[in-house]
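Each of the two complexes below includes chain A, the first together with chain B, the second together with chain C.
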Partner chain A sequence: MSSTTDPRAADGTRRRRRGPRTWLATLPLLAFTGLCFGIPLGAMAYGAVTRTDPASGATRVTGEHLARSLQGPYLDSLIGSVQLSALTALVGGVLGVVIAQAVVTSRSAGLRSAALTASGVLANFGGVPLAFAFIATVGISGVVTRLADLTDLGWNLYSFTGLTVVYLYFLIPLMVLVIAPALDGLRPQWREAAQNSGATGRQFWRHVGLPVLAPSLLGGFVLLFGTAFAAHATAAALVGGSVPLVTLKIADALSGNVLTGQENVALALGLDMILIAGLVMAVYLPLQRRSARWLR
Partner chain B sequence: MLSSSARRGAAVLLSAAVLTTLSACGAAPDPKSGGADGAKNGVQPGAATSVADFGSLEALAAAAQKEGELNVIALPPDWANYGEIIKAFEAKYKIKVNSENPDASSSDEIAAVKSRKGQKRAPDVLDLGIAFARSGAAENLFAPYKVTAWDKIPAAQKDADGRWTNDYGGYVSIGCDAARITTCPQTFADLLKPEYKGKVALNGNPTKSGSAFGGVYAAALANKGSFADIQPGIDFFGQLKKSGNFIPVESTPATVEKGETPISIDWDYLNAGYADQFKGKGVDWKVAVPTDGVYAQYYSQAVNKDAPHPAAARLWLEFLYGPEGQNLWLKGYARPVLLPGMTQDGTADQAAVAKLPQVQGTPAFPASEELDKAKAILAEKWDKALS
Partner chain C sequence: MAAMTPTTRYSDGARDTGEPDAGAPARTPARRPRRPRPGIWRGAVLALTGAYFLVPLVASFVFTVHVPGRGITFEAYTELLSADGFTESLLLSLGLAAATIALSLLLAVPALVAVRIGSPRLRPVVEVMCMLPLVVPPIALVTGITTVLRWGPEHLSRTPLYQTFIAVQNEKFPVVLVLAYTVLALPFVYRSLDAGLRAVDVPTLAEAARSCGASWPYVVLRVLLPNLRASLAGAAFLTLALVLGEFTIASLLGFRPFAVWIVSISGAQARMSVAVSILSLLITWLLLIALSRAGTTPSTAAAAPATTSRKEP
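Now for the complex of A and B:
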């Protein structure tokens, strides 16, 4: 993006100098990105579109892996992953904002630091330990399940709903962590100004609060979506193959004891995942750029 | 300024470091230049196809000891008694066994062979699921080697060229916690009873785990299916899921001990092992091989064609297929491939045989094409049936 089209340059005070020297400083980052993301991505893309004949060792370009990754159980798993991620990101995002707003506006500094620290810990509590914590509490013979007769109420941890609840356990704290600084950025003066002009609380949120927060909310949603989309260990330990998820399918195809010669389909599925993540980012980035300046 | 001697010291250190690095990730010794390690008749260890190429077992052991090390992969110490097997081999031949990634899968093993071709860290020997043994042989990754006991192994359980040989296996069995379940199920048909609601588990996802796949195959046989037709097995689990009996959580020692998977379909050697493991922990684990769906599956042993320690790899095979190795597997409740012969000539460990779950008849094995077809159908249909 050139500086002439940069919206932030319009006010004249934030114009950035983009000389060759600033370029130099980003070189380590670019080298790191190229090495740690570029090479695996290249290898994945290459594997997704080629096929090596086991007998002769000859490699040829083919679209069959990508085609297979978009049909049958593989397509189901992609759809299942998108559904689960979108649902958990939405619910987690909304609940996270509500909790964060409560924490940010409360006058107790103790509550604030406790909530944020707990969020930091919980947001990173995932994988197999989390799955087992849930199995022990609300699994079929879990402590809470038996005390509260959850099974009679139709509760089943090993289902789409169960998985959603487990995911929310680490997604809500993540949202609190991400959104709290943005909520802090909502100046009290704006609210006072709105009130002085006769706006109701609802009108303030509708015309000032939410538009200003929109990019951060969307950013939070994208982050949550991505986290849920890429999660694997928790789901693997909990539901095995009974909720179709793309990460589980990739694991099946890539490292299993049953299916042979599926590695390239796994790579194609990885490529599909990157495409979906890219699409989500493509929605988020322009919006974020448009209104990020309010929260400086 | 450095003094000249310090500089020289640094140079020596540096070159030593370079040399170590080079040799650490350098190529394996070229089998053709191995000269002194070579076997009789000018055959090199890497090309030896039987102990005769070395002259004698002692000569093979000597060549292996010269190499001094053996790289193994994907051998969990608590699986089929591999922990004790490795210790026994190390003690007997004074060869160091480097055990890498014990929980790896068969495809991880094949990937390690391919990606570390020519390196010293490449695995020497592989313990593979049958599908990977066959595909690996087709890709020409294995060295043909016929162990001394070769003739006693049934033809259906070995590659005609000796590129892989079945080593040990077991039957699909139903493990059941008698402390929590009043009447333990004995057959697949039993599993459908309403009293087992929310209690039946597999030990993995059958598109990934070999034992779970075996469970579905056995269920197919129990429901008028055949080796060529796995669909009835998939339908059976779909029915179990609908009735609420099936829980998709993958049973592990942890879920068994916790009581989350009170009924678990798994290999009989793992289930029998659990029974020992959980004695006195509030779990009374009983094992039954279902009479309506008898399915046995064996793992296969193969030697990496580019093994960095070719003689040690061959010695490992001779050890595994000798009475000592076979009995050690037996001790871990696995059924070694030579068990029928050993029971007849009395070399089998009688106490260990008596502890195995009872099975009638001899196992049959699906042909390659049948297995491939079953897998393709399973990969296609399993998710739908279970969701």
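Now for the complex of A and C:
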């Protein structure tokens, strides 16, 4: 460390140098995302809209793959994914709000912190281990299945309903995490103000509570939808291919389990997914910003 | 809520408006509702919730130790270490995680510090670049990666780049996975670091250190990083959890880290695959609980990341 002799000179050089130097420090990150994120995505988008003739090697632009990705079994898988995501997001959202309200309004600080920590942990409980935990519990020879004779009751884990139950395991805690701050933000004073003006509880929720919560509720729903929509590992380990989901269809096409020449349709399906996920985020981000206004 | 009596309402209001003076120094001023209602619905909701979240865990454990007709045995756990591929896949996952953590921090820390100190105009650019991977499902990213990897043999076989393509896909240590995981981890690393940096007055600290004659590397390594310890640890934990649980990209690119290995043994060794699942969950949870503890002390900085690492489900 050299001591500076003339403070003004040191200051001057620093100021002149600061710009270019700091600018350089962001370069590796930007270059990395450009290379490792931009190029694969570009390749995917390019492959989704072009077709290379194997004989001549000529490449031409075509909407064929995108059109194929919106037909037949591929369309079914997209619809299946959207249905599953919408259903799980709706159920998970409602249950998450109820549970968060129970936790937030309880007077026990211990319950509160335990519930929020548990939610943080459970919301991360996805992927392969979750699938196996459910197989061991309510799968064909699962512990609870045998104890309660669930098979006779028509229960089947490897179905749309089964997947819904499994997905809720990480979606409900996610909703609790998202919505708890918003429920906290409902100031008791507002309720008192409403009550002093003669409003019933129902009127309070109708005219104050829900409007304030609406952006957070919608934002939470959208976030849950996006999470369920992108989920692949759980479904892959659980149902294989018995439920039509777009992530499973892409995996099939990529690993060559279907007719060759389907890779470009997989790319097109990937593009479809990004469009839907992008739409979801486009709804979520502004909502989050709006709800932040009330959450202080 | 509709069932509240006028008297409780009144006393509620009186307490909340009249008491702050007395209640404020004690703890958080009386904000949380305070209704003396027994809250049967709350008990029922919490009990049902607890059952839903506990039963699969307990049942999985029972599944691993109880063999019908043979009673209790811990074989599924004891035979684990000698199981074919267990150590290799676990070591591979840990190695990938270490490399991913190192790479993502090396990329993100200088960029974020620079944005704080001298290039605030680049901030939105960096933020968008880091958050974009959230919009892209891993499976869509993997379709792009396979396409790019196929260019190697198809177009580049006579260029030096071809060797890079081969090296990147080395079975022993697939660098391509590190690159993909770093992309997936960037949003979480960014959030964690950004929250940590927000809690520190970076420009002032840097100015002060510079005025005392510290060089820029010294400022970053000895002045800023120690202040960011909690958020660096948070970013590292989240990345570790993400890499240990990642299945989609690795399986579709044909590699065999931990999560892929669990699936591959599930057919022949159902009990063991569930046992490993439980263990990996416990480890991940311990990491995340440690993280949320660490995060609550200085600020709300790292408390949030736990909410956000779900990427893989």
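Convention: the second predicted complex is superposed on the first by the 230 of 296 C-alpha atoms of A that agree within 3 Å, B and C clash if a C-alpha of one lies under 4 Å from a C-alpha of the other, contacts with A are read in each partner's own complex, and residues count from 1 in each chain.
Keep in mind that, in the parts below, contacts are C-beta pairs under 8 Å (C-beta built on N, C-alpha and C of every residue); 3 or more make two chains touch, one makes a residue touch a chain.
All figures in this text were calculated on a predicted structure; none of them were measured in a lab.
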Exercise for review: Tell me which of chain B and chain C touches more residues of chain A.
Suggested key: C
Practice item. Using the superposition on chain A described above, determine whether A:153 touches chain B (first), chain C (second), both, or neither. Key: neither
Exercise for review: Name the contact category of A:58: first (chain B only), second (chain C only), both, or neither.
Suggested key: neither
Practice item. Give one of first, second, both or neither to describe whether A:135 is in contact with chain B, with chain C, with both, or with none. Key: both
Practice item. Considering only touches as defined above, state whether A:23 meets chain B (first), chain C (second), both or neither. Key: second
Check your understanding: After superposition on the shared chain, which partner residues are touched by A:76: those of chain B (first), chain C (second), both, or neither?
Key -> first
Review point. Is A:47 touching the first partner chain B, the second partner chain C, both, or neither of them?
Key: second
Practice item. Give one of first, second, both or neither to describe whether A:201 is in contact with chain B, with chain C, with both, or with none. Key: second
Practice item. Report for A:243: first if it touches chain B alone, second if chain C alone, otherwise both or neither. Key: first
Review point. If you stack the two complexes on chain A, which partner ends up touching A:252: first (chain B), second (chain C), both, or neither?
Key: first
Point to revise | chain B and chain C contact sites that coincide on chain A, given as residue numbers | key: 132, 135-136, 142, 236-237, 251, 254-255, 263
Check your understanding: For the complex, which residues does chain A have touching chain B?
Key -> 54-55, 72-73, 76-77, 132, 135-136, 139-142, 151, 158, 236-244, 248, 251-252, 254-261, 263
Check your understanding: In the complex of these two chains, what residues of chain A are touching chain C?
Key -> 1-4, 7, 14, 18-19, 21-26, 28-30, 32-33, 36-37, 39-44, 47, 98-99, 102-107, 111, 117-118, 120-130, 132-138, 142-144, 167, 169-170, 172-174, 177-178, 187-189, 192, 195-196, 200-202, 204-205, 227-234, 236-237, 247, 250-251, 254-255, 263, 266-267, 269-271, 273-274, 277-278, 281
Study note, to complete from the structure: Seen from chain B, its contact residues with chain A in the complex are 104-108, 111, 129, 131-132, 135, 138-139, 198-199, 202, 204-210, 213, 241, 247-250, 254-255, 258-260, 262, 375, 378-380, 382-384, 386-387
Point to revise | Footprint of chain A on chain C - complex, ascending | key: 1-4, 9, 12-13, 16-17, 30-35, 39, 41-42, 45-46, 49, 52-53, 55-57, 59-60, 62-64, 66, 106-108, 110-111, 113-115, 117-119, 122, 125-126, 129-130, 132-148, 151, 179-180, 182-183, 186, 210-216, 218, 241, 245-248, 251-252, 259, 262-263, 266, 270, 273-274, 277-278, 280-281, 284-285, 288-289, 292, 306-307, 309-313
